[in-house]
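Chain lettering (A, B, C and D) follows the sequence in which the chains are written, and residue indices restart at 1 in each chain.
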Amino acid sequence: MEQLAELVLNGVSSGAVYAALALSLMIIYQATRVVNFAQPGLALIAAYTAFSVTRATGSYWLGFVLALVVGGALGVLAERLLIRPVQRRSELSAIIVTLGLLMLLQGVAGMVWSNEPHSFPYPLDFRGRFSATDAFAVAAVGVTALGLLLLFRYTPLGLRMRAAAFRPEVARMVGVRVGLMLTVGWGIASVIGALAGMLAVPPFIFPNVLDGVFVYGITAAVIGGLDNPFGAVLGGFTLGIGLSLVSGYLGPELVTLAALVIVVVVLSLRPDGLFTRPRARQV
Amino acid sequence: MSAPAPAPPALEVHDLVSAYGAVRAVDGVSLTVPAGSITAVLGANGAGKTTLLRTVSGAKAAQSGRVLADGVELTRLPADRVVRHGVAHVPEGGGVITQLTVEENLRLGGLWRADRADRVRAREEMYQLFPVLAERRRQPAGALSGGERQMLAIGRALMARPRVLLLDEPSLGLAPMVTRRLLRLLRELRDGTGLTVVLVEQNARGALSVADHGFVLSLGRVAASGDADRLLADDRTRHAYLGF
Amino acid sequence: MRKAPPLVAVLAAAALLTASCTGAGEVAEGDAASLDVSTGVTDDSVRLGTHMPLTGPAAPGYSQISVGARAVFDYVNAQGGVHGRQIEYLVEDDGYDPVRTVEVVNELVLQDEIFAMVGGLGTPTHARVIDFLNEQGVPDLFVSSGALMWNQPDTHPLTFGYQVDYTREAKIQGQYVAENFPDASVGVFFQNDDVGTDTQAGLEQYLGEQIVVREPYESGNTDIGPQVSALEEAGAEVVICECIPTYMALLILESQAIGYEPQFVASSIGADTVTLNGLLQEFADADGGTADDMLDGLIATGYLPQATAADDPWLELYTQIYEEYVPEEQPFTNTLLYGMVQATQTSMALMAAGPDLTRQSLVDALHSGEFNGPGLVPFSTAEGEHSGFQGAYVTQYHAGGRSEILQEPRVTDRETGPIEEFDFSRPTPDEVVFYGG
Amino acid sequence: MTDDTARTGRAAVLDRWRRSPMLLRHLAAALAAFLGIVLLTSVTDPFTNLRIATIGYHLVAVAGLALLIGVSGQISLGHGAFMFIGAYTMALLVIHVPGSPLWANLLLAIAASCAAGVAVGAATARLHGPYLAGATLILAVGLPAVALRYPEALGGSNGLTFSVAGTPPALSDTVPDPRWQSWVVWLAVLLALVVVANVSRGRLGRRLRAVRDDEAAAALSGLRPGRLRTVAFVISAGCGGLAGALQAYLLGTATPSSFGLALSLSLLAAVVLGGLGSLWGALWGALALVYVEVWGHDAAEALGLSDHVANNLPIALFGAALIAIVLLWPSGVQGGLARLGAAVRTRRIGPGGRPD
């Protein structure tokens, strides 16, 4: 019984990270219909920025804030310079561009910071069954999801962003600056991605550190459904807890296989994810 | 200030050309729409009516030619700028965003305007104008019927308090009775607020019954134009282009 | 004449089809390649090659080895090289992916025409190329892995092991724990590949009943929370970590996180305290101590001197070389030192092979010569015994960088043979010839 | 012989060529290509032979994926998984049934991956967009873990080691192993490409394109989109399996870590880099997979860069190349070359040439 509780708690803290990444993927998908493979690359550069800043100044939180800023700025640049030119082309073009960006960023990170792992601090104390750091992660993700919900549901900006995502041409006709909205979407998503990176990286940072987390982030987004923030968050926690239980009871070698099984089962029952509302039939 | 120049027309189009690849869907169209009028743009399927509206509103880029509203050059502006100059476009089918609620759709129409209080006022006016929308304000727009969607689309466009309203086939797919109500409403709006309406229609008889003027397009060019009554009375034009 | 080329293709295709009717797995014994060649050797140079993960998920840590080796070769070259030959050292990145290992080793052997392979890294990776290297007659020196398969002189006469193999080292660990913690419950945390299986074969011999829990980890999955919980739950008072430094550090951190404080025992591959210190530098132990305090009391086995050891004549030399030839950002770690020692012993072998360098003369030199020196245990390259280092010592780390020898080096075999003390006089750098003419 | 008769002669040959049955045409082209490979490998050194063979098995994997994406419009991020299946099938057969001939092993590897393709294709036929991408992505990551689950049979994370028969004894004096292996690889690859080309140009290809372009219309005209998609998936899975089996044959290795996410994603990248819609595109993609890395390495060496920079230059270059190609040459290298070719031709014909 105690083991069960421990595994669940362990799953909750890794689930928070998956949820954050899933959120960021969801926003970009909602805004531009692109699955952003560059997300781990953007988050990686953000985290390395935090690493350098923290080493130089000794302040974790200064690094943290700058990581979010750099992450967001990179997202904005990526949208403007790379995604916009291919936006009107096939889904594949955008995937490939983001993939290329991922490779480029990982390569650049290796060039600048080397492939050796460096020590990377936790935001708060990491000790305890459910440590301050774990609580921070869960709270940060919860606040983010709630904030997104409020943003999308109740603010003019959110309304514009949704309109731009659903029907860009119509949105333009009612005065929405669609391009700006897409850029804002990428910016917000990349800030959240950077947050996910800051939560996922510790204790060590190296260029491939986010690869696995990213795969689970996509998995979480897919099983949760790319429709609303709660789907992504619930998908993240479901996956985190599920995989922790598999690792604890069945063995760590089965974790990736279990993720595959979960995806297959979920998608064969609900092809649009667990928490997507059944689609309104469009006439 | 010297003697006041005559007020410029609400909308002027000069030699407009708009193409899809090599196909010139609009091929040198010129027209003038007086302020406060209802103007019908008629023609068969594929005559270039929709492209004309889309090019005027900036949804599509023009190859050449000019578009002016109240004397202000709109030619190179994208759609989101054009609407800020008082030209609102209701696309074919209305373009309601089905995933948003009725109220969200409506609010969207006025969001670009800075005057918050007037945005709220405009919304209340729309609910008065279309009481059925008020009843269903919390429902997703996807749940509305065809006629209700048209009302929502028009209401959303009016939220911008435009001077010119471009309407693309509002009667498409609607029951005749609903269409008649819609057209009557346009007339009332024009009479009440001085709104200028450009109405693209395949239903020429219905459109001409409310319009002041009409233009007939054929293969991207203006084939005939004139007062609505005259066009209605002109058998040749009716038979050649309007099919009734 | 015009018809001829298509005919060739048809014939080739036909030959392929007929040939492909024989079993794909029925491998004919090829003739051994001649060793009386000096491929890759000129009057003033000798070309060596290696494959290591320099990028990708497995690169962390290992990429330091070639840096250390290169520094020693640079030093040797600066002293005039070996028999007047400058050592050229080609390092190919294989990303720890066997597919790429095969490709880069082919490139080294067939295109770059290296004289010998030195220190190819990894079990799954190097296992794919030992057949090829032996067929091609390329001496395959000092494989950077503790797997047992490098020591097979009958089937792979040109492959020479280097590290003390995982089973030997684990036997020495097992015996030490059994003797010094006779009543403790023991947990094993191991990498789920040959490191895990080979070490457990050794631990079993001494700790059979004492081991209460075995927890594997998959390299690449850094979430080891469930395993550490299981170790604690099983009440393991001694945890033997058969893992690489990253996972040693993760184990220490994760244990700290849940307030679990067993006695850790690390094997040589994971006990690089400088690297561990670097990995843990941002973290403090429960009492607010530094990373160094977290490592305090760590017991480890080893066969090379520790990078932090004092009063070691070889380390004095290596420190000099480090300061002169290693780029600034690289810390002086055990891993770096590992590459240095490997390169030193390679240079010793090249010196022993004499001025008329052929592959045969190198193999003969390896079989007849002694290559003791930097290592603290005897090193075997004798005919019929290509195992490399023969045993290990046990040490304990104390915060502040001091390592204390708990048990002098002992040797054993990889089967069930006894663990024995031995008589060994370790030569100093002055007594060893690894450059000159 | 005057210019004119030469031209009519060539036209006649071309005409006859176009009218001959498609399969025959493709077989003849494959034979010509095989001849080219035999010649090429005969004049190059063993290491280049090996590289040529490496390009071969990458080519068939890329071509299979290109068929799936270009013709049926589905995106798979998990094609490495099928290579995994092919490689392990080959490995297990070589180890446990050493008497089984190579062609039988290859066929069995294809069969095994096709079977997996049926399962995956049927499961994913209903998925679209990101859901298909996510599901195939996790397939690429998850499936190789099977090897970890059954370490006795599949070798765990260290994978399987084995040796494969080289040049037959009769030829072993004249043909070095790598050359022989590259012939075997390319023969199998070219035969598979004939199948792919026939499918893509033939009736099945037309139907697949119809479903890709307008699913509803295709369904109305009596096609069954779900089933057609699955068929496309199976064919491309078979290509992946063959590629994996050939890799195992060539390199004597099957290890889970070789079939990770990076492999699947680079296959996809190669498809786009080369250009969809033609086998030439697949060839450019396969070449890029092998050579961008090599060039990056050489460039780093030539520039004398520091270790960190040099080690990471190839991957950064590949990423940058990918972005540049998609932005500048949307239809890939093949599309870009075709455009260049057309430009050159019109210039040669001059302004008097026939207008479009």
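FYI, a contact is a pair of C-beta atoms (placed from the backbone, for glycine too) under 8 Å apart; a residue touches a chain by one contact, two chains touch by 3 or more.
If you want to know which protein each chain is, UniProt gives these names: A = Amino acid/amide ABC transporter membrane protein 1 (HAAT family); B = Branched-chain amino acid transport system ATP-binding protein; D = Amino acid/amide ABC transporter membrane protein 2 (HAAT family).
Everything numeric here is computed off the predicted structure, so don't read it as measured data.
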Distance-maximising chain from chain B - centres being C-alpha averages: C
Chain A-chain C separation of Cα centroids, rounded to whole Å: 38
Distance between the centres, which are taken as Cα means, of chain D and chain C, whole angstrom: 37
Intercentroid distance (Cα basis), chain C paired with chain B, Å: 78
Where chain B and chain D are represented by their mean Cα positions, the distance between them in whole Å: 53
Overlap residues in chain B, where contacts from two or more other chains coincide: none
Where chain A touches two or more other chains at once, by residue number: 110, 114-115, 207, 211, 253, 255
In chain D, residues with contacts to at least two other chains: 148, 307, 311-312, 314-315
Set of all touching chain pairs, with the criterion as stated earlier: A-B, A-C, A-D, C-D
Complex interface listing, chain A residues touching chain D: 29, 33, 35, 37, 82, 85-86, 89, 91-93, 95-97, 99-115, 207, 211, 215, 218-219, 221-222, 226, 253-261, 263-264, 267-268, 271-273
Of chain B, residues touching chain A in the complex: 57-59, 78-80, 83-84, 88-89, 91, 95-100, 104, 107-109, 111-112, 140, 142-143, 156-157, 159-160
Chain A to chain B touching residues, read off their complex: 156, 159-160, 162-163, 166-167, 169-178, 280-282
Sites on chain A touched by chain C in the complex: 2-3, 6-7, 10, 14, 110, 114-122, 126-129, 131, 203-204, 206-209, 211-212, 244, 247-248, 251-253, 255
Residues on chain D engaged by chain C in the complex (per definition of touch): 31-32, 34-35, 38-39, 45-48, 50-51, 54, 90, 93-95, 97-103, 105, 148, 151, 156-159, 161-166, 168-169, 171, 178, 183-184, 187, 247, 249, 251-253, 255, 257-258, 262, 297, 306-307, 311-312, 314-315
